[in-house]
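Taking it in order: structure first as structure tokens, then the write-up.
Order of writing sets the chain letters: A, B and C. Residues in each chain are counted from 1.
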Amino acid sequence: MQHEERLVIVEALLFAAGKPLSLEQLARLLPDVVQDKSQLRALLEQLQQRYEGHGIELVEVGSGYRFQVRQPYSHWVGRLWEEKPPRYSRATLETLALIAYRQPITRGEIEEIRGVSVSSNIIKSLQEREWIRVVGHRDVPGRPALYATTRQFLDYFNLKSLEQLPPLSEIRDLEDIARELEQHEASAPASRSESDTA
Amino acid sequence: MQHEERLVIVEALLFAAGKPLSLEQLARLLPDVVQDKSQLRALLEQLQQRYEGHGIELVEVGSGYRFQVRQPYSHWVGRLWEEKPPRYSRATLETLALIAYRQPITRGEIEEIRGVSVSSNIIKSLQEREWIRVVGHRDVPGRPALYATTRQFLDYFNLKSLEQLPPLSEIRDLEDIARELEQHEASAPASRSESDTA
Amino acid sequence: MHDEHTPDLEPIAKIRGEEITHLPRDLYIPPQALEVFLETFEGPLDLLLYLIKKQNIDILDIPIAEITRQYMEYVELMKELQLELAAEYLVMAAMLAEIKSRMLLPRPVEEDDEHDPRAELIRRLQEYERYKQAAEDLEALPQVGRDIFPAEAVAIQREQARRQPEVSLAELLTALKQVMQRAEMYTHHQIRKDALSVRARMSEIMSRIDSSGYRRFTELFPRHEGRQGVVVTFLALLELVKASLVELVQAEPYGPIHVKAV
């Protein structure tokens, strides 16, 4: 194998790994490419030189070698994640609302009401935020998880209990909601009426 | 700002994004770095050239530009992961192919062509992978959902656009069939069937 | 491997105690592999294509009688093996039988071949074959994780920049309203305040029995909640039992009742 080919194979591996790779790992992964660690070390050094003047560099960190954005440019890169305060998608909000109002509920049941599938990412992000959690499993094939809201969910929305969520029948439009919330804030609990308008 | 600096900032962003970045996204993220899309396009082209002879390359796929391992080296890179990449069932692939080539298409239409029913799980899993999505509803009873592929589908299969899909095999339409049958009948009457068992 | 002379009388497999003495003429594979083999068909069109391909026949020139016979042998076999036979297979069997019978009828001279009873079948077979091929082509394309590996570099300040989305209660309610309206449940299945408290209690009960699998029935009724609380808890338990989410178990008469997660 040509020297140049060894170099680009190591390069490709480092870029694709998604985590630092140690000399040992590289040597183990490429027994047919590199003979020994000293050869590997030489290749890595050469790669480092090759990336001089680039926006990224090859550095050695605790657990091995990785490519990372050069410090002077990380400021630009940071924009990738600070675009604007992120917002939940409609799918996420609807999923959360259904879990709040129809708990305990399975993903399949949410999908049935929504009429579309609920992606794993939505569930995961709500779980990571600790707004929902699994409280059991429905005894049907596949034993799907049953989701419910958490105390953190109540805390975030400043609710003492789920009963404080406004009943759906009272939601006429956004103005109503706003008014209701205002009242809620001003006058404290109790006042919510049972006057169901069916 | 120096031309060289623009180049390395774009480079750093592409490597750090973790997903393809479109011209629009890059332009929006770097208003103070690039003046317009044509300048950006020129930078991207230059980056592509700069990575010639490297183990990775800058390619354009459905949702934008991404750096990826050059295919001749992917064989070595695959060793990084112990588990085998997922294989999709024929049912899933045929459903996906129909959506890709005939979009927008309803589930009923897919079933008609495949001659068997399509399980909800297949549709759901394709949606969860974000390879397909609902783009509308057909205006017939039941208002069935119309499915189409997404940019992520293109990204996954390394395609820039749907036009890059392998061409569908030729189909002889009904008239052709009728004509051929006619010829056939004319040349070799009676003899149809029974006799020719393998 | 294509042995025309397999003796018909020697039992090949036992199915439901019955000896199977012959397989479809064209099918000579070990019985244990048979089931797997039959399950690989993606439906009647796929099976038909297989039968046609196997004999090197042009789709446009299907010998209907022969293909129908072979098709039926497979369908019978699937039935015998108790494979879950999709209704589509039977629909196709009926279609084949109909084509066969129509082809036996003398055709009026003036009728042209557009009315060849096979035309529709041929069209469907071709159409299906086309997408079967497209699926194979798709599978052969480079795929991320298999042939395509994105190249990434770490950006150090990534984590600190990540912010959680803000949500207001109003947004949540709007979302609920929209989804319920869409589901056309808004008027029919109103979620009332009392229903909600029962639902909330259902969650609570579920989470209390989930860790151990069991919970004493009486422990689920907090004393400080009074009558109202007992009613809500009891309704919640009934709902849970109805939805088969929990079981009420009592080991002996008059013994303590336990609520068990199912």
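As a convention for this text, a contact is a pair of C-beta atoms (placed from the backbone, for glycine too) under 8 Å apart; a residue touches a chain by one contact, two chains touch by 3 or more.
Just so it is clear, the model here is predicted, and its values are computed rather than measured.
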- Note on the structure: Chains adjacent to chain B and to chain C under the stated definition are A
- Taking each chain's centre as the mean of its C-alpha atoms, give the chain farthest from chain A. C
- From the C-alpha centre of chain A to that of chain B, how far is it in Å? 25
- Item | Intercentroid distance (Cα basis), chain C paired with chain A, Å | 29
- Which residues of chain A are in contact with two or more other chains? 12, 15-16, 56, 67, 69, 74, 77, 80
- Task: Check each residue of chain C and list the ones that touch at least two other chains.
- Result: 149-155, 158
- Okay, in this complex, where on chain A does chain B touch? 4, 7-13, 15-17, 29-30, 33, 53-56, 67, 69-70, 73-74, 76-77, 79-80, 83, 111, 116-117, 119-120
- Note on the structure: In their shared complex, chain C is touched by residues of chain A numbered 12, 15-16, 18, 56, 66-69, 71, 74-75, 77-78, 80-82, 85-88, 90, 93-94, 96-98, 100-104, 113-115, 129, 133, 135-139, 146, 148-149, 156-157, 161-163, 165-169, 171, 174, 177-178, 181, 192, 194, 196, 198
- Query: Can you name the residues of chain C that touch chain B in the complex?
  - Reply: 2, 25-26, 40, 42-46, 54-55, 57, 60-61, 63-66, 86, 88, 92, 103, 112-114, 116, 118-119, 122-124, 126-139, 141-155, 158
- Query: Within the complex, which stretch of chain C touches chain A?
  - Reply: 149-158, 161-167, 169-180, 182-183, 185-186, 190-193, 196-197, 199-200, 202-203, 206-207, 209-210, 243-245, 261-262
